Amino acid sequence: MIAVDLPYWAQSLLRVLGGTVAVLLPAGTIVYLFLFKMMSFMQSRLGPMEAGPYGSMQLFAEVGKWLQKEDIQPENADKRVFKIAPLVVLVSTFLLVAVVPFGPDAYFTDFEAGIFYALAVSSVSVLGILIAGWSSANKYSLLGGLRAAGQLIAYELPMVLAVIGVVIQAGTMNLNQIVAAQNAGSMFGWDGLGNPYVLTQFVGFVVFMIAIQAELTQAPFDMPIAESELVSGYMTEYSGFRFLIFFIAEFATVGVFTLIASVLFLGGWGVPFAWFGWESLGDVDNWMNVVGPLVMITKMLALSGIVMWVRFSYPRLREDQLQRFAWKVLIPVSVVNIMVTAILKVAF
Amino acid sequence: MVPLSDTTETETPALASDTLREGIVDRLRTTLGDAVVEVHLEPNVDLWVRVRHDAWRETGLALRDQGFHYFCFLSAIDWQPSPFGRGEDDPSAPAPEPDDPAAEPEMRHGVTGGDTRFQVFARVTDVQRHVGITIKADVPDDSSVVDSWVTVYAGANWHERETHEMFGIGFAGHPDLRNIYLPTDFEGHPLRKDFPLLARIVKPWPGIADVEPLPGEGDEGDGGASE
Amino acid sequence: MTDLIDRQKLGYIAAQAADARLNVELETEGMTLNIGPQHPATHGTLRIIVRLDGEQVVWADPSAGYMHRGYEKLTEVRTYPQVTTLINRIDWLGSFANEVPFILAAERLMGIEAPPRAQVIRTILFELSRISNVGLFLGDLGVQLGAVTPVFLAFRDREYVLNLIEGATGGRFHPNFDRIGGLKDDLPSGWVDETRQVMKKLRGFCDEMEDLLFGNKVFQDRTRGIGVIPAGVAQQYGLSGANLRASGVDWDLRRDQALPLAYDQVDWKVWTHPDGDSFARCWVRLQEVRESTKIVDQLLDLLPSGPVMAKVPRIIKVPEGEAFVSTENPLGEMGYYVVSQGELGPFRVRIRTASFNNISIVPWVLRGVYVPDVITILASLYFILGDIDK
């Protein structure tokens, strides 16, 4: 436990600031590192080079540009809903980050049913996308919004099912406990690496990564956006800072989802406890609250690197192929995974 | 590795010969009878056949039956010489007498002759025998309508729409003779020779042959002034 | 292989039929969607009005003419050498290839032929236009299907070809290099060696595209069995080029007609594909780029010496007559029907462009497909707006 006693308002302030940083920092890092640089190098070009060293200030330039732009609303749009929609999407991201543990004590809230809550609030963004598509008074937006709704709901199921395997194995829904269970665990008696579930729950990990790829509407599952057919789908009519909010929300959600994935499968903030002779969550030293977030960000970047890598390399699936893939492949596979996990859990 | 496709291996086939072209004309004559008005065969190059306008559709059918499955294009020619010249004249010069009968040049029809101002012409190809044929037909001056080829070659649809808007020639039996390029309320038929090209009338082309003075040749060059 | 494709087709048809039944039961109301004139998939200003039932196209009508420039009328007030400047702009990605059939038609009417060296250089530049044009298609295809990377690779490697064209002609997009009776200039020194290197690079590019795009499972899922055009229908609509060959029709104007170009001197192959679907069209184009690089390589070895210009009068008058010459352009058959009345300029020029016919099949082929397939099919038919609108 941290030996500092803060008044309630200071704690709240810290939480708000921390939440903002936890959402914006990964978003900015992902955009710069992957969207600007990795994509450019994969496409044999340099990417932004002018603003700052190696274009590192490009992001601020972009934000400044978007903020200066006129906030245009279509005449026939449902204006109030149209304005709210991007915020709803962003709020979902903030709600998500609330349960992510960054260290033994560095968390915003410590839910017992943390992962349950995370999966629940992640669907709030569907609502935002749907109302964005519906209120824009644009047929492309409408198609995009409907596609998004269908797709996000379809892929929530395999995501939940993939998580169930982890929950069974860890025996808890508390994210911090899941981290501890992985790092304190052992594989067949060997605890040199702890028991990261990416190894023991590999099927679940793959299903989860595919599902978040779809939840994040990144290629090859980006048909709600589909800039070459639906002209950016539900975002078609948005400009200026409302588009910026969508943009931030998109990449912040990539960050948060990969944070959750790293918590569930890569051991989150922790390092294998056996390295330092810790036994359980209570033994962890306080310095882990500082190192933990760094470990976590590293794992997050590795995972979002994979997400982005796939995004840059693959063409887009068609809507029906995507649904077929969810219902006919992912869901059966994850159900089988749950059964196997449960049997093994009982057996050992 | 599984190959991505099967491919056909064919030898380089023989190019079309004139005996082949003559055979095509003979078969056309037997099918169409005296509807074949004129035939022009340029040795080893190409083949033109002019048919009567009432046999226009039958010609298409007959050619399709002969193996000409590939539809190349369909269009029309306005044989009337343009009353505006080539836009190369000085607009300030006095206009030629408009109602002088001698000033109106006669129509010179192309390789297969003709009697009317408009002719429709189409080209179809036999991709097996590697031979193409150009079919022409006079469009009657009074009605300006020929039969549509849409039911013979589906691809004629757009070409007939274009010909209709550009020349004002009707195609009987065409399902949907809307304008394809021009706005719906466009007046006139731009490719008719009596449709003026306004840009040219307002400002004539500076020179017919583009014979410009080479550098160092002319006295009026800008280069000389700056030096 | 073929079993798989048949099964995919059958599955697709069954899915469509099921959807149709459902829609009849539910009496869902349709929606009219304007794809274009400003839409990324129409690369230009083509407008396609589609009537949708859900995401399924019930009826589609392309509406061209947003960029109609009236070239057929304009040619009537130009002299023969001036016309090439105009027709350069028809298919603006393969400009040099546009000039060739018109020049050949004029030469045929005048009864002259370009010297052998000019013929070979013409053929080389013709194939380079094809490479730059179709190479860009391959990248663009990726973008249409949602893969962003191929287009950058395509632009990168197309730049080499454009540099070559610029080196030889002085113009990157609109060379205006072909003259009646030959060419404006000879090749610059060092050009031949550089071309050889670039051709090697482009073969690498083709391999890269094959790996990145054509071997991709998602790409195959998106294109196989989509927009199937049987050979008979393709011919009826006058589809040409790779679109026709992808339907299994072995027809290539480079091989199948006698023109004063150097194709008969080299060893190359006309690729066809039996499927007639979007994948086949794209695949045939990929092979065409490969073949083009081989043609160019061989022609560079063959390059004869001699003049590049025949003796032609300074003021060109073309004798009376008519001629139709068409060549196998990057987009398909492009032909000019030139009517001359013995004057300085043509009396009438009918421009037969490939994309006009290729796109006229759109109402037929789009019926019953889904919105994403609209994009796939349009991309695979490959049109250029200038080529439709003339």
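Letters A, B and C mark the chains as written, and numbering starts fresh at 1 in each.
By definition in this document, a contact is a pair of C-beta atoms (placed from the backbone, for glycine too) under 8 Å apart; a residue touches a chain by one contact, two chains touch by 3 or more.
All values derive from a computational prediction rather than experimental measurement.
Undergrad: For this structure, which two chains share the highest number of contact pairs?
TA: Max contact pairs: B-C.
Undergrad: Based on CA centres, what chain would you say lies at the far end from subunit A?
TA: B
Undergrad: State, to the nearest whole Å, the distance from the C-alpha centre of subunit A to the C-alpha centre of subunit B.
TA: 62
Undergrad: Using CA atom averages as chain centres, what separation in Å is found between subunit B and subunit C?
TA: 22
Undergrad: Measuring from the mean C-alpha position of subunit A to the mean C-alpha position of subunit C, what distance in angstrom results?
TA: 44
Undergrad: At least two other chains touched by the same residue of subunit B: list those residues.
TA: In subunit B, nothing touches at least two other chains.
Undergrad: Hey, which residues of subunit A end up touching subunit C in the complex?
TA: My answer: residues 39, 42-45, 139-140, 143, 219-220, 222-223, 226-231, 312-321.
Undergrad: Could you list, by residue number, the parts of subunit C that touch subunit B in their complex?
TA: Residue positions touching the partner: 1-2, 63-65, 68, 70, 72-74, 76-77, 79, 81-82, 108, 210, 214-215, 232-233, 235-239, 244, 248-251, 255-258, 270-275, 280, 283, 314-315, 320-324, 326, 333, 335, 337, 339, 341, 343-345, 348, 350, 352, 356-357, 360-361, 364, 389.
Undergrad: Per the contact definition, I'd like the list of subunit C residues that touch subunit A in the complex.
TA: That would be residues 15, 31, 33, 39-41, 55, 142-149, 152-153, 156, 212-213, 216, 218-219, 221-222, 370-375 of subunit C.
Undergrad: Quick one: in the complex, what on subunit B touches subunit C?
TA: Against subunit C, subunit B makes touches at 2-8, 10, 12-13, 15-16, 44-46, 48, 69-73, 75, 77-78, 82, 86-88, 108, 110-111, 121, 123, 127, 130, 132, 134, 153-155, 157-159, 166, 179-182, 190-191, 193, 195, 197, 200, 205, 208-211.
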